[in-house]
Amino acid sequence: MNGFLVFPIIIPLIVATLALLFRKSSVMQRWIGVTGMVILLASVIVLFRDVYVDGIQVLQLGDWDAPFGITLVGDMLSMLMLGISAVMGLIIAVYSLYDIDKERERFGYYPLLHILLMGVNGSFLTGDIFNLYVWFEVMLIASFILLALGNSKNQLQGALKYVIINLFSSLLFLFGVALLYGMTGTLNMADLAQRLPEVENVGLVTTVSMIFLVSFGIKAAIFPLFFWLPASYHTPPVAISAIFGGLLTKVGVYALIRVFTLLFTQDIGYTHTILMWVAGFTMVIGVLGAASHYEFRKILSFHIVSQIGYMIMGLAFNTALGLMGAIFYVLHNILAKSNLFLISGIAQRLLGTFELKQMGGLYKHYPFLAVLFMISAFALAGFPPLSGFWAKLTVVKAGLAVEAYVLTATAILVGLLTLFSMMKIWLTAFWGTVPEKGVPEHFGKIALFGAGNLYIMVVPVMAVAGLILLVGLYAQPLLEVCLIAAEQLLNPSVYIEAVLGPQ
Amino acid sequence: MDTILPIIAGAIFASGIYLLLRPSLILTIIGIILISNSVNLALFTLGRISTENPPLIAAGSVMPEVPFANPLPQALILTAIVIGFGLLAFALALAYRSYKELGTVDQDQLLKDPEDTSTAIVNNTDNTEKRDV
Amino acid sequence: MLIMVALIFGIALMAPWIFKLFREKTGWVLALLPLGSFVYLLSWMPHIADGNTVTQSTAWVNMDFFSVNLSFYLDGLSLMFGLIITGIGTFIVLYGGGYLSGSAYLPRFYSAILLFMGSMLGVVIADNLISIFVFWELTSFTSFLLIGFTHEQENSRRSALMALLVTGIGGLAMLAGLILMGFATGQWEVSALLNEGDIVREHGLYLPILLLILAGAFTKSAQFPFSFWLPAAMVAPTPVSAYLHSATMVKAGVYLLARMHPVLGFTETWMLLVGGFGLATLLISAWLALSYTDMKQILAYSTVMSLGTMMMLIGLGTELAMQALAVYVFSHAMYKGALFMVAGAVDHEAGTRDVLKLGGLRALMPISAAAAAVAALSMAGIPPLFGFVAKEIVYEASLGATLWPVLIITVAVIANIAIVAASAIVVLRPFFGTAVETPKKAHEAPLSMWIGPAMLAALSVVFGVLPFLIDSALMLPAAAAVWGAPLDFYLSLWHGINLPLILSILTLAGGILVYRVWDPLRESAPMKVWQSGFADYPVRGYDATVNGMLSLAGWQTRVLQNGLISNYLSTIIITALIAVGYTFLSRSGLVWNPSFADVTIYEWALSIGIVASLGIILAFGHSRLTMIVGAGIVGFGLALIYLIHGAADLAMTQVLVETLTVILVVLVLIHVPKLKEVRSTTTRVRDGVIAVAAGVLMTLLIFAVTALPFDAFISEFYAEASYPLAHGRNIVNVILVDFRALDTMGEVIVVAIAGLAVYALIKMTRHGATQK
Amino acid sequence: MLEIIAGILLITGGFFVLVAAVGILRLPDILMRMHASTKAGTLGAGLILLAVAFLYAEIGIISRALATIAFILMTAPVAAHAIGRAAYHHGITFWKGTIVDDLKDYYEKTRQTRRGSEKVSEED
Amino acid sequence: MKIFLFNIILALIWTAVTGTFSFGNFLIGLVLSYAVLIVVGPAIDKSGYTRRVWKAVTLFLFFLKELFLSSVRVAIDVMRPGFRMQSGVVDIPLDVTSDLEITLLANMISLTPGTLSLEVSDDRKELFIHAMYIDEGVDHVRNSIKQGMEKHIMEVTR
Amino acid sequence: MKSLILHTATRLMIGILILFSLFLFFRGHDEPGGGFIGGLVGAGAFTLYAIAFGTDLTRKVLRVDPITLIALGLASLVVSGVIPLITADPFLTGKWLFLEWGNSDIKLSTPLLFDIGVYLCVVGFIVTVIFSLEEEN
Amino acid sequence: MDFLSLSIIIVYIFLSLSLLISLIRVIIGPTLPDRVVALDLIAFVVISMIATYAISSGHPVYLDVAIVLALVAFLGTIAFARYVILRAGKLREDGHA
C-alpha cells in the first residue's frame, strides 16, 4: 500500500477548494493556482520514484480490499501520464498568469484548472472501471466550462459540439461499464482482467470492447469520431487550448491503451486489426484537415487528431516496441502540441490574429520566438534530434517489425504532411512579410523580454522547448521508462497481482 | 430473467437517440436525458433483478433479509444520476447562453461554423482580449 | 569525431553572439572552425591511406532491442567527403561573410551554414544507420533555412518548401529502408554492415530496402524526375548554392549509395536502377543546362548532370567505375564550387547573373575571371586540369561497363558535349567579349569572395598536374571503400592516346560547336520542348500533387467537418452501431428467450405508461413542454421500476432529480423560443431507423449479458460488512460514503463544478463585449 | 379487522383516484378538470395512505403516513391555485356552461394582464 | 414567542417523521428546528398561526367532511353522462385579512365542493374562485363560503 | 411569482422541507436517504422560495453565498478523507466515534462528515443554478 | 385469497387505469395547463401506487419515497405554472397573438 497515490487527486482538490474560498482575491487565486501546481509536481515526482524503484504501487481506498473497494494503481504508464500532466499543469498555470484575464479568474479559472487536472490524474490512477467513468466526468465538466468560460460566440459554438458529443460518449462508456459488470459482477480492472477470460461468450466481450473503443475513441478523437475536436479546441483562450490540445485527448488514448492491454485481449486478431485501420484513417484524415486550414490553432487541432493515429498505431501492434512508441508518442506530443498552442498565443498577442494569412514578420522581428516555434514544429514533424524523432522512430520501427508495411508507410507519409502544414505556418507567420493592415502598433517594437509582461508567456514556452530538446538529445531515460511501462502493460499478471495480491 | 425491462431500456434509448439527432438543441438535451435514463435502467437490469427485499439491514440484525436486491448497481446508478444531473444543468445553461448570444437554438443555423465548412479566412479575434503588451 | 561535430553545432548556435563580438571580421573567425575540422580530418589521412579505418562509438540510446549509437566511421570514402565538406566550407564561410555583408540576417546565416556543415559532416562520417538518418534530416532542415534565406520573397519560400518536402519524403523512405536493412541483418553500424552484403542481397526484402534507400538518395541527389527542386533552390544566396547545392549536400545521395554499394550493389537490379537513373539524369540535365541564361541555373543543371554521372558510375559497379567516382566527385567539388562562387561574385558586383546581360567583366574582375576560367576549363575536361583527369577516367569506366557499354558511352559523350558548351557559356559570356552595361557598376570582389574560387581553381591545376599527390592518399582509399575491397591504381594526366582521349577530343570539339550555335539553339523548338518536358513538367507535377492534396483535404474537410452536431452525432452513432452491431452479430450471436410470464400487472401498467410517454415525447415535437411532461412521466415510471425492485434510495433520487430537471428545463424554456422541425422526411426516417437499431441493439445486448451466470460476490461482501464493519444499515448509502466513497467524491465534484459552471455561463459578461 | 378497514380504505381511495382520472379526461374545460384532480386526487391518495397507517399499526409508519397526507393537503390546493391562475393567464376556452367571469373584469380594471378569454397563442 | 412555538411544533414534526418519540430525539428535533429557523427566520411572517387548537380541530373535521362530500359530488358528475351544471369565475368579498387566513381559506375552498381559488385581488379584499355549480346563483356561492369556511376560519384565528 | 397564497404556503413549506431534508440526511446511513437525497430536498426548499419570492429574498434567507456552500462542501469531503491519514490509514478510511448520550447513542464519523460534504455541495449546486437562471427573469 | 390481497389487486387495477387515462389527457392536451394538471394527477397516482406497494411488498420503508414525491411534485407544478405565466407575458411583449 502506498498512501501517496492519492495525493495527485487530493492536492488539486484542496487547491481548488482553497481557491474557491478565496475567490474574491485575484492575487490569492494566482498564488494558490501556481503553488498548487508546484506541490502537485513534487508529489508526482515522489510517486514516480516509488514506482521506478519498487514497481507497481497500489492503494486500497477506505482500507477495503480489492475488488470490494476502489483501488488506486500506479504503474509506470500511470506515472508517466501523471508526470506529464503535472508538468503541463505548471506550465499552463504560469502561462495563464498573463493569458487569463481577471474576469475569468473571478469566475473560477484556477479552481477549474485544478479540478480538470484532478479528473485527469484520477483517470490515470484509478484501477476501477466505474471510478474511471467518474473521473472522466470530473474532467469533462471542468473542461466544458473552461472551454466556454468567456461566452464568446465562437466559444459557445465550439462548446456546444464538444459538450453534446462528449455527453453521449460518456453515456456509452457507462453502458459499457454496465455490460462489463453484468458479465463479471466486478468493477475492479484487475479483477475484470481475471474474470473476463472466464466469460463463456467470448464474442460478447469483444462486442463490449467495441463500445469502449467508440466511447474512448470519441474522447481520444479518432476517426470517424473526432469532429467535435477541431470544432472547439481553437475557441477558448490559448492556455486552455494548450492544455486541451496537449492533455485531454491523451486521457482517451490512455484509457484505450489501458483497456486494450488489460481487459480486451481475448480476440486481438480482431480488435487490434480494427485499431490498425482506425490508426491509419485517423492519421490521414486529421492531417488532411490540417492541410486545408489557415487558422493557426485549427491547424494544430487537426494535428491532434492526426497524431492520435500514431498512438493508436503503437497500441495496435501490441508489442513492447509498439506500446513503448505509443507511450513515448503521447508524452512527446503533449509537450510539442501544447507548446505550439502556447506559441500561437504569443503570436496572437503580437499580431492580433490567429489567421495565417494576416500574419507575418515574426522571423524578422522575433527570431527567438521563431527558434522556439521551429523546435516545437519540427519536433511535431518528427525531426531529429527532437523528441518527436524518437516517437516516430519507435513507432515506425515497431510497424516494420510486425510487418505492417502499409500502415507504416502511411505513418511516414503523414509525417511529411505534418511537416507540410507546420511549414505552412512557418512560411506565412514567420517568414512571410508583415501584413500591411491590421497589425497592432506594438508589433516589432516591443521585445519578448522587454516591456509588458510577455515574458510570463515566453518563459513557459522556453521551458517546454527545453524539454523537447532535452528529451530529443537525451532520450534514453524516457525511452527506458516507456519500455518499463510497455512491458508492464504486456504482462498484466504483475498488475493483477499487485492489486489483488498473490493468486 | 426479466424480459420487459431490457425492452423498456431499448425503447427509451431509441427515443433518446432520435431526439439527440433533432435540430433543436432543447430536443437534443431531452434526448440526452432519455439516453441517460435508459443506460441507468440497463445498469439496473444488468445487476440482475427480481422482486426482492431492499438492501437494508433491519434493527437488531446484521444482515439484510435474503434474498436482497443487489445494492451495488443502485449505488452506481445513484452516482450516475447525480453526475448526469450536474452535466444536464450545465448543458441547459449552455443552451440558454448560446441562445442569448447567438439568437437561435437551431443547430442548422447556430452551429454552422463557417470555419468548419471552408478554408476561407474568418477573422475571429472576438475571443481574444486586448491587453497592453 | 563526436567532439568535432558537437563543437561545430555548439559554435554554430553561438554564431549570432560571436557576430556581436567580431562584426565584419566574423567570417574570418568562424572560418577557423571548418578549417580546424579540415586539418583534423587531414591528420587522419596517412592512417587511412595505409588501409586502416577508424570507428568511434558513443551510445546515444542503449536498450535491449532499441539502441542508437552516435558512432562514426572514418574510411577513405568518408574522409574524402569530409575533406570536401570542411575544405570548401572554410571558403564558403569567408565568402558568405563578404557576399552577405550588411545583411541583417548575416548572423543567422553563419549559424545556419555552420549547422549545415556539422550535419553534412555527420552524414558522411556517421556509422550508425539511424545517426546517418539523423544527420541527413538535419541537412534537409538546414538547407530549408538556407534556401529560404531571402524569405520575404514568395519564390524563396516556395523553393525552400519544395526542397524540404522532396528531400524529406526521400529521407523518410530511406529511414524505412535503413530500418528494414537493420532488421534483416541485425546490424545497425555501417562498418559492420559492410560485411553483410550477401545477407541483404539474398533477403526477401532486398528489393523494398533497395527502393527505399534509392528514394532517399535520388531525391537528395536530384536525380530525374526528382531533380526539379535543385534548380528551384537557386533562389538561395550564392554561398548556399555553391556549398549545398553543388559541393556537398546534393552529393549526400551519391555518398549514401557509394557507402551502401558493398552491401546493396553488385546486383542487376542495382545496376539497372542506379545506372539507369544516373544515365537518364545526366543526359537530360546536361542539355537542360543549355536552355537557361542565368549563370546559376546553368550551373545548377550542370550539377544535376554531374550527379547523374556519379550515379551512373555507382551503377556500373566495376572497380574502374569506383575509381572514376572518387576522382569525379573530388574534381567536381572543386570546379563547381569555384564556378558558383564566381557566379555569385558577378551577381554581387554587376547586379545580374544573366549571361546575356553580361560581358567583358574580365577587366573589372580579373581574379574572379581567372578563377572562373580555370574552373570552367576543368569542368570542360581540358588538360592539364584535374577535371580532365576525371573525365578521362569516367570515359574509361563507361567503356568498361558490363551492360550496354555502347549506349552508356554514347550518352556520356553527348551529355559532356553540352557541359563543355555550358562551361564556355558561364565563362566566355560574362567575362570575355565586349563590356556590357550592367545594373551595378562592377568591381573586383573583396578578398573574402575571391579567395575561395581562386584557391579551388589553383587546386584544380595542382591536382591536375600532380595527381599523385592525392591518388594513393585519398582517391584510392575512397574508391576501395566503395568497392568494398582493397584496390590498387594510380592517377596520371597523360595516359597516352587511347579511346578515352579520343572521346575527350570529340567532346571538346562538339562542345565548342554547340557553344557557337548556342543562341539559336537555346531558342529552338526542340530545346523548348526539352525544357518544358524535363524542367517544367516535374515542377508542375509537384504543384499538382500539392494542390491535389490540398483540394482532397479541402473536400474531405467540407464533407466530414460540416459543422452540424446532428451530422457529427449521426456519424458517431452509425459508427458505434456498425462496430458494436457487427461484432455482436458475427462473434457473439443473439440470445432471445423472452418470457413475460412473471411480469406483474403494475409492471405492465408502468411499461405501457413509459412507452406511451415516449410516444408523447416523440409525437409532440412541436410542444417542448409536453415533451418535458412526457420525460417527467418516464422518470417517475423509472422511479417506480426501481422501487418495486427494492431500490428505495434510487427511487427517491430519481424522483427528486427528475423534478428538478423539469424545473431547470422550464426555467430555460421560458427564454428560449421553440423551433419547428425543418428536417426532411427522409432525414427523419433515417434518424428513426438509426434510433430503432440502437434501441434494439441495446435490448439484445442486455439479453445476451443477463443470460450469462452472475456472481454477486461483491454485493454479498457489502451485505456482510455493512453493519459490522461500516456501521451502516442502509447498504446503498454505505457503498456511497464508505465502500466506494471515491466515486461519490468525484460525483460531488462534478456537481460542484457544474454549479460554478452554470454560474459562470449565465453571469459572466461576454468576453470582449466591454471593449467594443 | 384492521385489514378489512385497510382494504376498504384502499378500494375507496383507488376509486377516487380513478374518478379524478376520469374527471380530467371527461370534464369540459380545464378549470372543471382541476376540480376533479384536486379534490378526488387528494382524497384518493389520502385514503390509500390512511390504509397504510391502519395496516402497519406502528407509530413510525402512522406518523409518516399522516405526514404525507398533511403534505398533500398543504400542497395540492396551492398547486391547483397556481396552475389554475396560470391557465387563466394562458387563456381559457370556457365551456358553454360558463355563465360568469368576474376575474376578467378585475383584470381589465387593473390592467394586470391580458384578458383571460383571449387565447394568448401557440402551444409551447 | 411565536417563533418559539413554531420551533416546538417543528420539533414535534421531527419526532413524528423520525418515528422515535424519545426525549433525546425531541431535543435533537428542537436543536435542528432551531437551526432551521435561524436559516429561514426572515422567511417567516411574524403574524401567523393558530393557538386555538380546538377550533382548529373543528375546522379540520369540517374540512374533511367537505372534502369527502365534494369528492363524491364530483364523482357523480364525472360518471354521469353529459353535463348539466352551470359554472363560472366568481369574486368573493373577504372579511379575513391576514395572509394566513386568506391562504387557509383559499386552500380550503380549493379542496371543497365545486370551488377552486384562482386569484386574490391586490387589495386583498376579493377572492376569485371558479365555481363548478352556480345553478343556484352567484350569491348563493358567495354566501355558502362566507357562512361556512370563512366563518370557521375566523373562529380559529380571532 | 406574485401570489399571496403561494407566498404564505411557501413560508410554511420551507421550514418543513428543510427539516425533512435534514431528517432524510441524518438517517441516510441506516435507511433510505443520505447526503444527496437530503441535499436535493433541501435545495428544493430554496428553489420553491426563489420561485415564490425571487432570488434577492432567498439570498437573504440563505445568508451564505451558494458558491461558498459548494466550497465548504468540498472542504468537508477533503477533511473526511484526510482524517484517516493521521493514523496512516488509506484515504477515505472510515473513522468512528461512538458517544453515549442518554439512551441514544450518537455516532460521529468521517462517513458522516463526508455525507455532510455531499449535502452542502448538492444544495450549493442547485441553489447556484436556480439563482443564476432565475435572475435572468 | 384474503380481502386485503383482493383489494390490493383492485387498487392496482384502478391506479393503472388512472395512470393510463391521465396519460390520454397528457396526450390530447390541448393546452399546456391541461397537461400539467394531468401530470399533477399522475404524481398522485404514483404516490398512491407507492403506498399500495408499501403494503403489498411488506416494506413500509417505501412510504418514504411517497413523502418525497408528495413534496417535490408540488415544486414541479409550481414551476410549470410560473412558466406558463411568464411565457404568456413574454409572448405578449414580443407582440405575438
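A, B, C, D, E, F and G are the chain letters, set down in written order, and residue numbers restart from 1 in every chain.
One rule holds in what follows: a contact is a pair of C-beta atoms (placed from the backbone, for glycine too) under 8 Å apart; a residue touches a chain by one contact, two chains touch by 3 or more.
Just so we're clear, the structure is a prediction, and the values are computed from it rather than from any experiment.
**Q** What chain lies farthest away from chain F once each centre is taken as the mean of the Cα atoms?
**A** C
**Q** Please flag the chain sitting at the greatest distance from chain D, going by CA centroids.
**A** Chain C.
**Q** So using the touch definition from the top, which pair is joined by more C-beta contacts, D-G or B-C?
**A** B-C
**Q** How many angstrom lie between the CA centroids of chain D and chain F, rounded to a whole number?
**A** Roughly 31 Å, centre to centre.
**Q** Need the CA-centroid distance for the pair chain C / chain E, whole Å please.
**A** Chain C and chain E have C-alpha centres separated by 85 Å.
**Q** Provide the C-alpha centroid distance between chain D and chain E, rounded to the nearest whole angstrom.
**A** Chain D and chain E have C-alpha centres separated by 14 Å.
**Q** What positions in chain C touch 2 or more of the other chains?
**A** In chain C, the residues touching two or more other chains are 554, 557, 561, 563, 565, 569, 573, 604, 623-626, 644, 648-649, 652-653, 656-657, 659-660, 663-664, 667-671, 674, 698, 702, 705-706, 710, 712, 714, 718, 729-730, 732, 736, 738, 740-744, 747-751, 753-759, 761-763, 766-768.
**Q** For chain A, give me the residues that contact two or more of the other chains.
**A** Residues 13, 20, 61-62, 101, 130, 134, 137, 141, 144-145, 148, 150-152, 155, 160-161, 164, 168, 175, 179, 182, 230-231, 292-293 of chain A touch two or more partner chains.
**Q** Give me the residue numbers in chain D that touch at least two other chains, ranges are fine.
**A** In chain D, residues 15, 22, 34, 42, 58, 61, 64, 67, 71, 74-76, 78, 80-82, 84-85, 122-124 touch at least two other chains, as defined above.
**Q** Would you tell me which residues of chain A are touching chain C in their complex?
**A** So the residues of chain A in touch with chain C come to 13, 20, 61-62, 64, 67-70, 101, 103-104, 107-108, 111-112, 115, 118-119, 122, 126, 130-131, 134-135, 137-138, 141-142, 144-145, 148-152, 155, 160-161, 164-165, 168-169, 172, 175, 179, 182-187, 199-204, 206-207, 209-211, 213-214, 218, 224-225, 227-228, 230-231, 267, 270, 274, 285, 288-293, 320-321, 324, 363-364, 367, 378, 383-385, 389-390, 393-394, 396-397, 400-401, 405, 408-409, 412-413, 415-417, 419-420, 423, 427, 431-433, 475-476, 479-480, 483.
**Q** Could you please specify the touching residues of chain G with respect to chain C in the complex?
**A** Against chain C, chain G makes touches at 9, 12-13, 15-16, 19-20, 23, 26-27, 29, 32, 35-36, 38-39, 42-43, 46, 49-50, 53, 57, 59, 61-62, 64-65, 68-69, 72-73, 75-76, 79-80, 82-83, 86-87, 90.
**Q** Could you list, by residue number, the parts of chain E that touch chain D in their complex?
**A** Touch list, chain E to chain D: 13, 16-21, 67-68, 70-71, 74-75, 77-79, 83, 85-91, 106-112, 114, 116-119, 121-122, 126, 128, 130, 132, 134, 138.
**Q** Flag every residue of chain F that touches chain D in the complex, lowest number first.
**A** 1, 3, 5-6, 9, 12-13, 16
**Q** Under the stated contact criterion, what part of chain G meets chain B in this complex?
**A** 57, 59, 61-62
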